[in-house]
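Naming follows writing order (A, B, C, D, E, F and G), and every chain is counted from residue 1.
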Amino acid sequence: MESAEQLRDRLLAAFPEARVEVLANPAPVAQHSLIIGATHAVQIATLLRDDPDLAFDYASNVTGVDRPDQEIKEKVTVKETVDGEEKEVTKEVTRTEPGYLEAVYHLYSMAKRHGPVILRLRTENRTDKVTLPSLTPVWRSCEFQEREIYDLFGIVFEDHPDLRRLLMWDDFEGHPMRKDYVEPDDYEWEPTPHDAVLIKAKRPADGEEAAPLAP
Amino acid sequence: MDNPSPYWFLVVFGAVALVFPLIPLGLARLWFLVFSPQKPSKEKNAVYECGLESKGDSWLQMKVHYYLYAIVFLIVDVEAVFLIPFAAAYASLPIGAIVAMLFFVLLVAEGLVWAWGRGFLEWK
Amino acid sequence: MTEADEKTIQDLRRSGILLTTLEDLYNWGRSNSVWPLQFGLACCAIEMIAASMSRFDIARFGSEVFRPSPRQADLMIVSGTVTKKMAPQVVRLYNQMPEPKYVIAMGACAISGGPFKQGYNVLKGIDRYIPVDVHIPGCPPRPEALLNGLMELQEKIREQNLTGENRPHHLRSDVSGEFPVPEFGACDLEPPSNPAVWTPPEPIREGL
Amino acid sequence: MSIPFLIIAAVILASAWAAVSLRNLVHCGLCAALSFLATGTLYLYLNAEFLGLVQLMVYVGAVAVLILFTVLLTRPATEAADAVPTKRPAFWKGALIAITVGGAVASCLAVYAAPKASTAPELSIQEIGRLLTASQQNVLALIIVALLMTTALIGALLLAAPAEEDTKGGGA
Amino acid sequence: MIPGVSIEEKTDPLQGQILEVSMGPHHPSTHGVFRMDVKLDGERIVSLKPVFGYLHRNHEKIAEDVSYLGSIPYTDRLDYLCSLTNNWAYCLAVEKLSGFEIPERAEYIRVIVGELTRLVNHTCLMGFFVQDLGAMGTPLMYAFREREKILDLFEGLTGARMMCNYMRFGGVRCDLPVGWIDEVKKVIAAFPRFLDEFESLLTQNEILIARAQGVGVLSKELAINAGITGPCLRASGVGHDLRKVDAYSIYSRFDFKVPIGAHGDCYDRFMIRLLEMRESLKILDQAIAALPSGQIIDPKAKSRGLRPKAGEAYGRIEAPKGELGFYLISEGGPSPYRYRVRPPSLINLTVLEDMCLGGTVADAIATLGSIDIVLGEVDR
Amino acid sequence: MTLVERIDQAPLLLQRWAVSFFPALLQPWVAMLISAAAIIGVFASLFALSTLAERKGLGRIQNRPGPNRVGPFGMLQPLADGIKMLIKEDIVPLRADKVLHFLAPIALIVPSLLVYSVLPIGRNLIAMQCQLGVLLFFAIGASTELSIFMAGWGSHNKYSLLGSIRAIAQMISYELPMVLAAVTVILATSSLDTVNIVEAQAGGFWAWHAFTPWGAIALLTFFICALAESNRAPFDLPEAESELIAGHLTEYSGFKYALFFMAEYLGMMAISGMAITLFLGGWQAPLPILNFIPSWMWFFGKLACFVVLFIWIRGTLPRLRADQLMNLAWKFLLPIALLNIGLAGLWVKSSGWIAWPISVILLGLAIVGLGRLLRGSRPRGGKRIYRYAD
Amino acid sequence: MLGTGILRGLKETARNVIGSFREKDRLPTVMYPEETVKTKENFRTFPFLVYDGDHAMPGLRCVSCRICEKECPPQCIFIIQERDENNKAVKHPRVFDIDFSVCMQCGICAEVCPFDAIKMDNIYELAGEDRFTGLLVDKHRLAKSNHYYHQIKPTEANEVDGRLAEDKRKAEEAAKAKAAAAAAKAAPPPTAAT
């Protein structure tokens, strides 16, 4: 099978305006993925499915990932004019990396028995621009999984035939798989030491130190 | 009536058979009165529908196919009714009578075959 | 056994052998013919099915008649995780069972939410909404544990009085026969528990 | 006029009245079935055994079912029937037909002289069977009945069959 | 255009009303708390919408809170009929993420318990399927009779009947107890007798044939496009088995075949499982014969306090129900940043409506039974 | 009267003895009352026994012992169930048609009992000998459909309504081949009187109607229809658990449900009794040597065999689908039954041996042909061959 | 076709009925309250605390290190460490509760315990009416003797005992060596070379 880079080049050759980037995966398996721009996603997906060399006829796993806004502290070297003299100063800057929601598609080919190709589609942010094109028209197997992503992460898939909540009830508010989802406070006092439970039950911890660990 | 017709037994039996289920039902009613009060309530006595609240009316308009079925049944039932006295008398009947009856049966059967061919016997 | 109990028993003795015989018969009949609702929720349901299969054979206790309709069932075996999405249905099914009815909470999930207690969609114990007669811990409990729970329940039924102050609630006319069905709220059930059935225990832990 | 006859007659009349006057069509159908049942009983009481049992089998077993299915074909039975539409011409047409038929029946009854001794002939089932094909007239009647039944079957099916079946099953 | 078929609802008032019935969540044959909102025209289905979530236990959310090790017992409860293959798939994903090696012996043990799990699953499924067709539980009883024997093996090896919690990253938790292999041999030697019994009880039964053949047909093209995996896919005529395709673990060493059907109906799905069990028995025989001695876990691997380096991995195996995949993203923390299960049951349900349209309720029940779902996995 | 005869006629003698205490005017009526009570008593206890037999028998089929803890060998299980049913709260759905909901079980159980009046249970042991016994059986049996409709429609539940519609369609469809199968016997014996029919089969099992080509086919037809008429597996569609929860019984609780249950068993035993009467020699012993065993024991023995067969089939077979069920009735059983009448006629008119080959050939052709036709509605039948992927 | 399959099925069930009277394999029912399935040695249900010696509380092996509490996936273990008069931590749990109504019987606590102090029991008959007091098990109910452990899991217990004895020996040796070293440091003995 072609490597991620080759695939990117092939896709860029077919759709020169499209955004296709390779995202390296440092894990030992090295399943690298392709970040696809939303505008050309359906065309690229159709190509991946229909091209006889690629023939990715089977979308195995479709899932969402939530990347909240991150505060990144980094040291930046800036040139500043101090006392009329230009100096290189190292400053610590706090920068907020905007968060996004991501839909990840794992594609395989049953015909050619190769794979996976991993597509990643990213929304612009996590609040209002959370729309992505649905790939259900290309692979039917995305139908429920995209509904699940809509339910749990809040990504709205355009052109999805039946975009409703999949797991939670219809009037449910919020998207529970997001990292910042706050669960309803419905624990009773209970004997388990589950930290959250104890905090919720508002009982101060003993404050004792942990015993020495195993020798 | 010194020698009642055998069918009077049906009347007597019918009466007894009517009383038979009423006894336990009455006993049950008595039990509820004395010991265990019945507690009907809105939720409990609602219509069961897989644990959900029932949607829509369950008394609804049915398909015409059920009706067609009943028609076919009625006709064949009547045919069977004609067959019974014929069968009872069969042993003493001449061949002509049997042929006539065969004709009768075949005529009705033809209707049945027609209905079969047109697909009216398909349950939908 | 409290004094009041003793007194009731004395009262019963006095009121004649007929009543006690009736009570015995009543309890004998009920306890030996506990028909469960055919109702499985999750993993424990498989062990519940296993309990009705040839190796364990719940039929020996007369309980193999798993009725699909709540109208003919005596026992609801809550076998598995009750999610918040499922809880109203469970309560409604319980309501639709005729009295006298019993509930066995089978497995950790049904008792308290169990390992999934931390989940946002998991009800932390079915006893928040309906009264549970027997708890069977385990994840899942062995089929024998279910049989053990069933025998526990039969024992409980046999000890119930037909008259007197401590007669079970289904014999009282002043206790309602149904429990409010919770509704879906914005992110939790409304109400989150039925205070008439369930009160959380007082924190009694020493050292906290 | 014996007491059993009175009881049976009362049941027939009451259930027939209920069948036309009840609001719920399913109840009407069931009352009609009761009326059939009572009629069957009347036949039995009059020693017309075969007729009585056939009445039970065909009317209670088949016609009543047909009626109930027909009721189910209508709009949901719970909907209250409209009040009798006295204003509409249909009512007057109906009334006219009723009066005509009633008059005809009444005049027939007036002309008809009932035979004095109305004891039913003792007719065994074998005798009935033999009579079915005993004479040419009887055979003719039998064949006509068969033809009628077949026609009724085909006609009823064609009338009631949904339109799609008509277009589809041309070759049969 | 969405692949698949659709049927228009009739609106002709003479045709009777469309009856809306919900089958489930409490229904004897929805395999747990599953619900199908069915619209019926007479007895024909004109619309069938599955409703999920009645067993949504937040598995993924919980797994993103607990340690890598702590998720293993939770995976047991995904597809609660086959906990060992769930363990396996998860361990495979973690192994891919952190690069552990698996010793020979552990691989063999995994194959043995994995195939035993397949036997358990298929046995039960066939029992449930025939139960759904209305048999009074007899085939199910026979199936559970055999299942108990295999559960005894699991109990002897892992300590639990259903929730085995047996595999660990880089191997398995404990070695085989003394005499366990002999018991396995006994069980699998007796197993063909059960299969024969089951076959003569059912496969030629006219009623079963009438109920299952030509019912719930799934075409090859739709099956591939809808991501159907496992026996459902193979019954539709696609010879796709991850044990052959990926040849993960040591499956390339065994001689076994992949049965495929030609019609894609309920009967094929039923028969494919029956045939697969016979193949599993073959694998078991070979694996037991070749079981090496040695280590059972990679000494480099650690279970407690595992913190894989940042990265992601998708590991998949051929679970009895189809492709079971785990997708993990690590940020280097003690628990995965993103943990996702690709449940075969949920995705196999995608085509449920297509398979049921035009059939009767009874067909829908049969079709659902033949797909083989477990709600713990569908809703997670 | 010999002792054997005395035992044989014991029920009758007991009845006469009891009646003799009453004034002559009342005697026929008291006799009727006693017969009615006896029928109800005997068959109600047989109902209890057969539920127990069913639970234990199904258990044995399924490799488990079944109820064995209530009383000795679990014998008291039906009693416990009965007590429980009696004290169970009786739920009538709020939206149900209360009158029909209440009347349905009663309207079902009365005809289920009435049909027993024409079953000859032993020599001279028949509650009501009448000329048209067989017709009476079917005529009264036909009214149970209405009761089931009342139950299903009266419950105001979708499953109930669907179940009852199915039940009616099924029962009317199977009534026809059943009646036609009985017609063959009427043809052969020229009588509708059940006693005459039994007596026509005297002399040994070779005289039973089941041992003629038309009789065998008619018995088979009758038996299949009996399964369907009593809503037993594999024709238990009206209460198909896996589809319709409990069909028309869904909304019934307490003793009303028990009554339905009882009616099902009573119907099953009545139809079995009729099959025995028509085809299996009724109370006749299979061999003349065995005549010392009381006639009613033969009847109940044969009945027990039928009940066992019912249980056995229930424990083995999956359920048919509604349309297949209808097809089986209309497109297989009905033509076969019609043809069978013709063969029976041939048999009666011909000298016997020549009818054998003709019957066998014709019936064989018809069964195979119709079977093909029936199977033809499916895309492909028969044994399938499975390939293996490479 | 034409019923042969049905007949074959009927034959199969008939064989099972007859077999149920003759073969153990066709009537595998265990008459539960009277007889029980012999569970396998590995079988686990709920955890218990092992103590050595005759007295439960002093003999607990648990040192209150709280590893199990942290590793327990559903977090059903609750431990508070014992403190002496001087508020100094003692290697003994003051409170050791396990909520059986939450426990998922995974056995991870026993697996991670470095002191072999918590092990998996094999009792399962715990059905009761009371959820809170009945299923919240404290250290007194959890404590079971090493003897009991040997009874339910002989192989494993022997292995553990061996390992503990080994550890103890090593620890003693180490202590001895340490003491010797300390002594040597304090005053190098002349015989050290031998």
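In this section, a residue touches a chain if its C-beta (ideal position, glycine included) is under 8 Å from a C-beta of that chain, and two chains touch if they have at least 3 such contacts.
This one's a predicted model, so the numbers in the text were calculated from it and none came from an experiment.
K.L.:
Provide the labels of all chains in contact with chain C and in contact with chain E.
P.N.:
A, B, F, G
K.L.:
Out of C-F and E-F, which chain pair has the most contact pairs?
P.N.:
E-F
K.L.:
From the centre of chain A, which other chain's Cα mean sits the farthest off?
P.N.:
D
K.L.:
For chain G, which other chain has the most distant CA centre?
P.N.:
Measuring from the centre of chain G, the most distant chain centre belongs to D.
K.L.:
Just curious, how far off is chain G from chain D if you go by their C-alpha centres, in Å?
P.N.:
80
K.L.:
Would you kindly tell me how far, in whole Å, the mean C-alpha position of chain E lies from that of chain B?
P.N.:
Computed value for the inter-centroid distance: 46 Å.
K.L.:
Taking the mean of the C-alpha atoms as each chain's centre, how many Å separate chain C from chain G?
P.N.:
Chain centres of chain C and chain G, defined by C-alpha means, are spaced 30 Å apart.
K.L.:
How many angstrom lie between the CA centroids of chain B and chain C, rounded to a whole number?
P.N.:
Computed from C-alpha means, the inter-chain centre distance equals 41 Å.
K.L.:
By the touch rule stated above, which residues of chain D touch at least two different other chains?
P.N.:
Answer for chain D, listing residues that touch two or more other chains: 49-50, 54, 57, 61-62, 65, 69, 72-73, 76, 125-126, 162.
K.L.:
Got the chain A residues that touch at least 2 other chains?
P.N.:
If we look for residues of chain A contacting two or more partner chains, we find 167-169, 176, 190-192, 194, 206.
K.L.:
If I count partner chains per residue in chain B, which residues reach a count of at least 2?
P.N.:
Residues 7, 10, 36, 39-40, 42, 44, 46, 48-52, 59-62, 64, 66, 69-70, 72-73, 77, 84, 87-90, 92, 112, 123-124 of chain B each touch two or more of the other chains.
K.L.:
Contact residues on chain B for chain E in the complex?
P.N.:
Counting only chain B, the residues touching chain E are 49-52, 55-56, 60-65, 123-124.
K.L.:
In their shared complex, at which residues does chain F touch chain G?
P.N.:
Of all residues in chain F, those touching chain G are 57, 60-65, 312-313, 315-317, 367-368, 371, 375, 381-382.
K.L.:
If you look only at chain C, which of its residues touch chain E in the complex?
P.N.:
38-43, 45-47, 49-50, 53-55, 68, 80-81, 83, 85-86, 89, 93, 109, 115-116, 118-122, 139-140, 142
K.L.:
Flag every residue of chain A that touches chain C in the complex, lowest number first.
P.N.:
On the chain A side, the touching residues are 167-169, 171-174, 176, 181, 183-184, 186-192, 194, 196, 201, 203-204, 206.
K.L.:
For the complex, which residues does chain F have touching chain B?
P.N.:
28-29, 32-33, 35-37, 39-40, 44, 86-96, 105-106, 109-110, 113-114, 117, 127-130, 135, 153, 155-161, 165, 169, 172-173, 175-176, 179-180, 183-184, 186-187, 190-192, 245, 250-251, 254-256, 258-259, 322-323, 325-327, 330-331, 334, 338, 341-342, 345, 348
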